[in-house]
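Okay, structure first, notes after.
Chain nomenclature is as follows: A, B, C and D, assigned in order of appearance, with residue numbering initiated at 1 for each chain independently.
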């Protein structure tokens, strides 16, 4: 039995970790960390857990925690883990970080986009970027996993095969992303009140959203060159789900654009054996509702010969594959369990 | 391995049966019946099932089906099963009917409220009313289960202990119920379009809703006398969930109303060992979101000494405990499996 | 031109006052009071007002304000106005209070339910309870209007004729109310976040909601006796709208319950000439969507002969007829304008 | 008094025409045409109109109607008006068509994208494309107005100044559009049911949506050359509103991209005197909620120097400025009324 601790267990991602781990037969949650709710019953914070979780919220004493568990999940604000993580902790247990602290290899880029100083840059190098389908081999055996962001997971997986195989010009890549409101977290802000979000859609963080450099770094590795993308997130009146619509100019070969079948083959090359990536049938557009509550990513694409562009689309549940589900998938890899253990969640409809 | 067939697999309750049974380790779905989608891939109708279900929809030939499976679930319109069910079918397999056809013992009452003739009244008597927590013993060994309605499950369980133990005057019982829109089914009707339901709440079927006699019959058994209740359903702009708010006059004993503790004891007498019924802590009101996707019923009550009434509240997921989940719970009882097999669904939040 | 000032202009009711008054040809808003946003542009707080309102938010200096306007609307927390209102202010301008401070005649009842001390009880007596359709004559000429609560307006108007004319037993009255989330205000609370309210319904304030004594007082006047009611509010995932479903036992006359036509006549007696009360056709249930954005109250009823009860239903927009619209209606009465001036708002659908 | 007739009065756009025209002091609606609801009371179809509209739905006899009114609005399916419009009708009254029949000048393009034969191509030439802010002068004096599509109005207005003034390369223009569900109409389709749309977002009509050629034609006029754009619509779980996010590569001048101020000047050149176009302050992103119920279009842009692109954003209410509101605006121009008559609708929030 893997003993797990969660720091930040009362945010939405933390709550989803609890939901998933409760159904994971090889894991036992030993520590529900939550600075805001110390000494309160966890099931009083998330009443869906009533009768399922009897524990009380504990503090975020990660040093103590490290001695008591096999893996720590941190679903904490940016900069928090970087400020407390030590070699000693990592020598005792695995750490899977759902924040951005160890995702970006260039500490200068991190500090520029996040506007904070990184307190443990020496640990960045050893962290594996936990995008399981792409980096599976790099993840195995690691002590520290940087679990990817929700937008980034969806954005990267949607474009990855075509970038990797050189079918699109990466400098033309535009990512228009739409997210449910759980992505905004459980903090009490006026902008996230029901009446402000409901019956409304808006873009935000235009040209400045912090997931941009993460996407650029990872897709840059695939492209074999530095790339710059436009990434625009939008807030959608729904609880869960991310949909990305990505546009890029196809590279013509001998004056001809690749056909549907040729592009399909590229996607299949990378994803046809992936449990959690579903390449939809031709003509079917991904919808967030079809993956809700599950670890799936649904992908598809349309070629527009009129403009010479491909429109790529991807959908996932931001709280599952975009956060807690992928974290558990990373844990499974680290502990040499079947990758889908505890993640055979059938999407819920309606 | 229990072989199961579903007739009406493409309605919302049918789709939920599939979701639940896919996670039930002792069951294999052999027949996805759907008159409207014959020969279409099931996963083209419910794309959440893409890669999970490879089957094609079949017709509703229940006689053929009966020879191939151990249990048939019928999630069909009122009157359908009554028109085709035979002794021969029942001699071959179990039938769990999610429609109302065998719920009401008095065929005259059924025909009055449903406005149709019952085609197989001779089978009504042997059907067990599958409200598991109340009728568990009557269900065992039966061939035919009348799975309770969504509103009725919630309405009955919420009031049952106080009716049964005589703490309230059943003639004063008023049930004000609120349901998510999946309860209205997947038929293409203008009244159920997004723009008609969204940002709206209304009562419907006032004083005439068909779940009324079902509630009256079952609570009448508990009361030991015929009762008449007011039952008013409302349509709420959400996908899933039923909340009932029930009002009844407390019976005073020696001029005193029962205390909170006395009533709590009554609820605990009936429910404290029930996995799927959660008696909330004092002061906590049930919310549909806390049970979403699960088989739980959350219950609580408030005594209003000013008026001498008790306000009882219950919440469940209409598609799970109100339909498919309870059907699987009945199946588990019939096949002598642990009652919670396949039903250990953690509510999803948010 | 009536000069108006608003204290509390940046709450939802305050914002709606601005929306309505901008379309009122006889009114000019001179003061946008908002303690939280002093010196910020009003249109930066409510961007729907961009280019429509150029003013900056001012403080809540009601004494200064009183000298500059003809009417002050206060959309402020309970107790605020009671703490600052003086004879001197009332001698200079009309005050229409959207809080509860002057609604309840018995200061002890107010202090009991609201849990605060009333700082100006001497002014309660002169305040008119501004339920226009019932109290129109009492409102005329007054200096201080206690604008009714949203739930109370709907609850009272729905039952008033039958209480007044003795058709129901007021001791049996049960009010089950459902409200959109704007009724919870614009304060940044976790419980009102999008993800907490969306896809959810719950009761709250069961047997303790502060609108209860207000309903009891006003319906008590109609009944000619003290009454006690059960009032249960519910939070519905929609922005606007209140629906009440009210249950009461009909009084039989000569062993017979009143007929539909007899009850209809009673409703018509009180409401048939009322612009803002719409008595729906037989069989049509009120829906909040049909009155959204307008000052209408839609009413109807169903007789249940089986139980001897009448089910009365009413729907209004909580921000309009339940708050700002009724406040403007009161203003029109006070200033001897046509009662519907500025209020000819056609409900918006969808 | 202008006498108006509406053919297609019971669709969502038709209903909104009624809402707006009821508040237009110079217009009287004489004909509520609706093939589906002939002889039914209009207020039984749209109950928000109860007590406001006493009329009964009439057929779509446009020849008879033409003799009785000054203007006909047609909110009908594609191809309908083209099949019945005649010179004789146009000689008797103005026609404002909310369908696409006369929007596209090249009948071959129309027939290609719409897949139907145009039955009155000889009338296309005289129709004015009723995008009021751009084509005001062309509209005056016309008999036939092709009212623009909802997506196209938003898409064109958002990019027009930069295309017209040559600040962007039009071949790089990508339009990612998001619409509320009223845009899908009131037809009873499974895909538009509450439970299918709610908690979901998807793209549809990718690379094939019929508004594409309309956008290309109008922006082509502005560019002075043929252009091809990518236009991708998405369905959002809300009733009203369209948001477009548009991406285009800025043209550098002397190796420098234009500054924020330079681009702002271009937008102001075209829009600063337009009542219904609001250029938001720097850094503020348009939100559909801020224009709900009104005829406003809110616009803004962000320069991304990293990629050399400008991100342009526009929001409007698809039923108002995207349909009925703009139709009334066109009527005002045709009848030489102030353009904002009947359209001074303050956006409703929340």
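Worth pointing out:
Heads up, the rule we're going with is that a residue touches a chain if its C-beta (ideal position, glycine included) is under 8 Å from a C-beta of that chain, and two chains touch if they have at least 3 such contacts.
Since the model is a prediction, treat every value here as computed from it, not as a measurement.
The most distant chain from chain C, with centres taken as the mean of CA atoms, is A. More C-beta pairs touch across one of C-D and A-C than the other; that pair is C-D. Our note on geometry: chain C versus chain D, Cα centroid distance of 37 Å, whole angstroms.
Put simply, the C-alpha centre of chain A and that of chain C have 46 angstrom between them.
The multi-chain contact residues of chain B, meaning those touching 2 or more other chains, are 12, 182, 195-196, 198-199, 237-240, 287, 289, 292, 350. Residues 12, 181-182, 186-190, 192-199, 237-239 of chain B are the ones touching chain D in the complex.
Remark: chain C residues 174, 176, 178, 180, 195-196, 198-204, 206-207, 228-230, 232, 234, 236-241, 243, 245, 247, 285-289, 292, 302-304, 306-307, 309, 311, 313, 315, 350 touch chain B in the complex. Note for the complex: chain B touches chain A at residues 12, 15, 19, 22-23, 46-52, 182, 199, 239-240, 278, 280, 284, 287, 289-294, 298, 344, 346-350.
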